[in-house]
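Worksheet: the structure to be examined is printed underneath.
In order of appearance the chains are A, B and C, and numbering begins at 1 in each one.
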Amino acid sequence: MMGAVLAKRGRSSHILRNGGFVALPLISLIWSLADPTLGRELLEWVPYLASGFMMNILIALSAMTLGTLVGVLFGILALAPFKLVRYPVAVYVQIFRNAPHLVLIFATTYIFPFEIMIFGTYLPFPDWVKAVIGLAIPASAYVAEITRGAILSIPTTQWEAAKGLGFSRNEALRWIILPQCLRRSLPPWMNVLASITMGTALASLVGVHELLHAATDASTAVRRLDFTVIAYLVVMTAFFTLCYPISHLTRRLEGRFNAV
Amino acid sequence: MLSKAPLRALVGLALSICALSATTASADATLDRIKARGTLTVGVILSGAPFGFIDPKTQEQKGFNLDIAKGLADDLGVKLETVTVTPPNRVQFLQQGKVDILIANMQYTEERAKVLGYVPTPYDRAGGAAVGRKDSGLKDWADLKGKTACVSQGSNYTQPLIEQYGAEVKALPSQPESLLALQGGNCDVAVHVGATVGLLLQDRPEEWKNYAILFPTELIPSDSVIWLRKGEADTTAALDASVKKLHSSGKLLEFAKTNRLLKTEFLQQEQKALSAAQ
Amino acid sequence: MPDFDVIDLFVSLTSRIGLNYEFLATGYEAQIWRDGFATTLYLILLLIPVSLVFGLFFAACLTSGRLWLSTPVRAFVELTRNTPTLVQLMFSFLVLNTFVSSLVGGTQNNPLSAFFWVVAVVGLHIAALHAEALRAGIEAVPAATVEAARAIGFSQLQVLRYVEVPLALRASLPAIVNNLINLVKLTTVGNAIAVSEITYASIMVWTQRDNVVSLMIVILLFFSLVNLIVARAGLWVERKLAVPGYGL
C-alpha cells in the first residue's frame, strides 16, 4: 500500500513539475495576447531582451568554466602535504565561499581597471568580463570544496585494492578513483552551476547589459505599468526555463547515484 | 590556525588590491587620448525621455544627453562612443577612465566639484521635482519632514532631503524602480530631475492621474554640467568652447525642442548671452 | 573623547597603506555605515527563525501525502529555487506590493515595507531550501520506525512531531547550516530595494567618495566572520544533538 501511495505521489508531482515548467511562459503569453497593444510593445522588445539573456548565458558559462578550472586545482592543492600551500588555499576558500556574490561583483567591477596594458597595447576589460570574474571567484571556492570532498570520500582501501590488482598509481587514479570522484561531484557541481546562472542577474546592479538590465531599460522607455509587470514576468520565465532543467537533471542524477 | 586565517587573508587581499589600484591611478591627459583614439567616450544615463532612453526598433540610445554628446564629438572632430551608466556607478566609471566625460543628469554641487572636474559652461539647468499623490496634502519641501522620499542611488538630492528637510530617503537602483516604489506606496514622494518626471506625467496621464508634481519650486536648482576627471585643464577648455558653440549656434535649443524638454528659458537666455558675446 | 581618538588613529594608519576610511570621522556617513552593519545583523537574526519555521511547515506539507497541501508548496519551491532571488525581490516589491495596495484600498493602507519584502522573499526562499533538505531527511526515516510508532497509537501528526522531524532534523542539519550561510549572503540583495543593510550603506558612502576598496575589505571580512560563526554554531548544534549509534 505504501508503494502505491508513493507511486501516485511520484506521478502527480511529475505532472506538476512539468506543468510548472510551461505555466509561467503560458501566463506571460496569454496576458500579452489579452491586450494587443501590450503584446505588440512586448514583441518589439523581444530582440533586445533576448540579447540581454544571451549575456546571462555567456557570463554563466564563462564563470563556470573559469571557476571549475581554478576550483579543481585548488581542491587538489588543499590536500597538498605542505602547509605553505594548504593554508592560503584554505583561507581563499573560507573567505570567498562565504562572500555574497553581489559584493564580489561590486568588488571586481569597481576595483579592476577598465583596460589592461599587455605588451604596450591597451586591451579593453569590459564589464561583463569583470562580472565573470566576480562570479568565478565564489564558483572556484565551491568547486574546490567539492573536489576536496570527492577525493576524500574515496576510501584508501580502494587504492590498495587497485594496487593489489596490478594497477599502477596513475592507472588507479585514471580508471578507479577519478570516475568515482566525477560521479560524486557532478550533482553538487550542477547546483553551483544553477546558483551561478541565477547570480548573473546581479550583474544588472553594476550596469552590465543582461536580461534584468534590459528589462529595466525597456520599462524605462515604454513607461507603462502593465508593461513593467510583464517585463519582470518575462525575466522570471527566462531564468526558470534555463534553470529548471538543470535542477531537474541534478535531482535525477542524485537519485540514480544514490540508488547505485 | 583559525585566528591567523583572517589576518593572512586581509594582508593578501590588501596587497593584491593595492597592486590593482596602482595600475588604475595612472591617468593621462584625456584630450590626447581622445584625439589619439579618434573617439570621445561619453557616459550617458538612460533615465527615460527626454534625457536618454532606448528606441526599441533600432535599439539605439536617444535623447537630449545623446544629442549633446554627438554635438560635442562632431565639434571635436572625433567619433562618439557611449557607455550607459547608472547613478550608483557613474562616478566610478569616470574615475576608472572607462568614460572620458559624463553627461548624466549630474548637476553642479560643491561636494562633487571637490572630487571631479567640470566644464564651466552648463548645458542646462535642472532641479529636483517631487512627484506624489494629489491627496497627500504636502504643499512644500518643508512638509517632507519625517516623510519617505524615493530617489536614485547616488542622487544629489539625498543630502538636502535628509539634512535640510529631515526626510527619510530611500535610494533605489534607478528612476523606474523609484517611481514604481512610489506607485506601490513605499514612499510618499519620488524626487527626480524635473524634466523627466514632468514629461512622464504629461505623456501618461491615465496611469498617473492620481499623481502630480507637488511643489511649485524645484529642489536645489543648479547647473547641469559635463563632468570629467579632476585637473584636466586642456580637455575642460576644449569642451567648454564646444559647449559655448552649441549654445550660440542655437543647436542646444534645437536639441531641447526635438526632445521635448519642458523648460527652455535657461537655454534661451544662454543662447542670447553667448551669441551676443561673439 | 577616547572613542574619537581611536577612529582618528585608525584613519591615519590605514591611509598610510593607501586605504581611505576618512568618512568614519564624519557624522552622517559614519552613522549610515554603522546602521548598515546593525541592519544586516538584525536581518540575519530575524531571518534564521523565520526560514526555519516556514521550512518546517513546507516540509510537513510536502510529505503530508495530501495533494491540496503538497501541490502549491511544491510549485512555490520549484519557482523560488529556479529564479534569481534579486528578480523575485524586485517583482515582489515593485509588482506584488502594488497589487496588495490596490487590494487594501490604496497605498496609504498598505503596511508592507521594503524591509518586510526582503524578509518575506529571502526567508521563504531559504525555507524552500530547508524544506527540500528536511523532506529528504523525512523520507530517509526507516519505514519500520514509522510503522512502529503507528503501532503504538501515534497519529500522523504525532509521528511527524515525535519521530520523523527529530530524526530528519539531525540528518539534514549539515544542509540546513549550508542554507543559513546562503541566507547570510542573500541579505545583500536588499540594497536593490533600498533596505539600508551594509552593501546599501556602502554604496551610499562610495558614490560620494572614491573608496570602494577600503569598504570592500571590511565587508568581505565581516561576512566571512558572520558565516564562520554560523558554521561553528551549526557544528555545535550537530554535536549536541547527535544520537549515539544512529546515522551520523
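Going forward, contacts are C-beta pairs under 8 Å (C-beta built on N, C-alpha and C of every residue); 3 or more make two chains touch, one makes a residue touch a chain.
Everything numeric here is computed off the predicted structure, so don't read it as measured data.
Farthest chain from chain A, judged by C-alpha centroids: B. Among all pairs of chains, A-C has the largest number of C-beta pairs in contact.
Inter-chain spacing, taken between the CA centroids of chain B and chain C, is 35 Å. One inter-chain figure worth recording: chain A and chain C are separated by 20 Å, centre to centre, where each centre is the mean of the chain's CA atoms. Chain contacts: chain B has residues 6, 9, 13, 17, 21, 88, 92, 173, 177, 180, 183 touching two or more partner chains.
Contact with two or more other chains is made by residues 90, 94-95, 98, 192, 206, 212-213, 216, 220-221, 224, 228 of chain C. Residues of chain A found to touch two or more other chains are 94-95, 110-111, 205, 225, 228. Across the complex, chain A meets chain C through its residues 2, 5, 9, 12-13, 16-17, 20, 24, 94-95, 98-103, 106-107, 110-111, 194, 198-202, 204-205, 212, 225, 228-229, 232-233, 235-236, 239-240, 243-244, 247.
The touching residues of chain B, when paired with chain C in their complex, are 2, 6, 9-10, 13-14, 17-18, 21, 87-88, 91-92, 95, 111, 115, 133, 150, 153-154, 158, 162-163, 170-173, 177, 180-181, 183-186. Against chain B, in their complex, chain C makes its touches with residues 17-19, 28, 90, 93-95, 97-98, 101, 106-108, 110, 113-114, 192-194, 200, 203-204, 206-210, 212-213, 216-217, 220-221, 224-225, 228.
On the chain C side of its complex with chain A, the touching residues are 65, 67, 70-71, 74-75, 78-79, 81-88, 90-91, 94-95, 98, 143, 181, 184-189, 191-192, 199, 206, 212-213, 216, 219-221, 223-224, 226-228. Across the complex, chain A meets chain B through its residues 41, 44-45, 47-48, 51, 87-88, 90-92, 94-95, 109-117, 205-207, 209, 216-225, 228.
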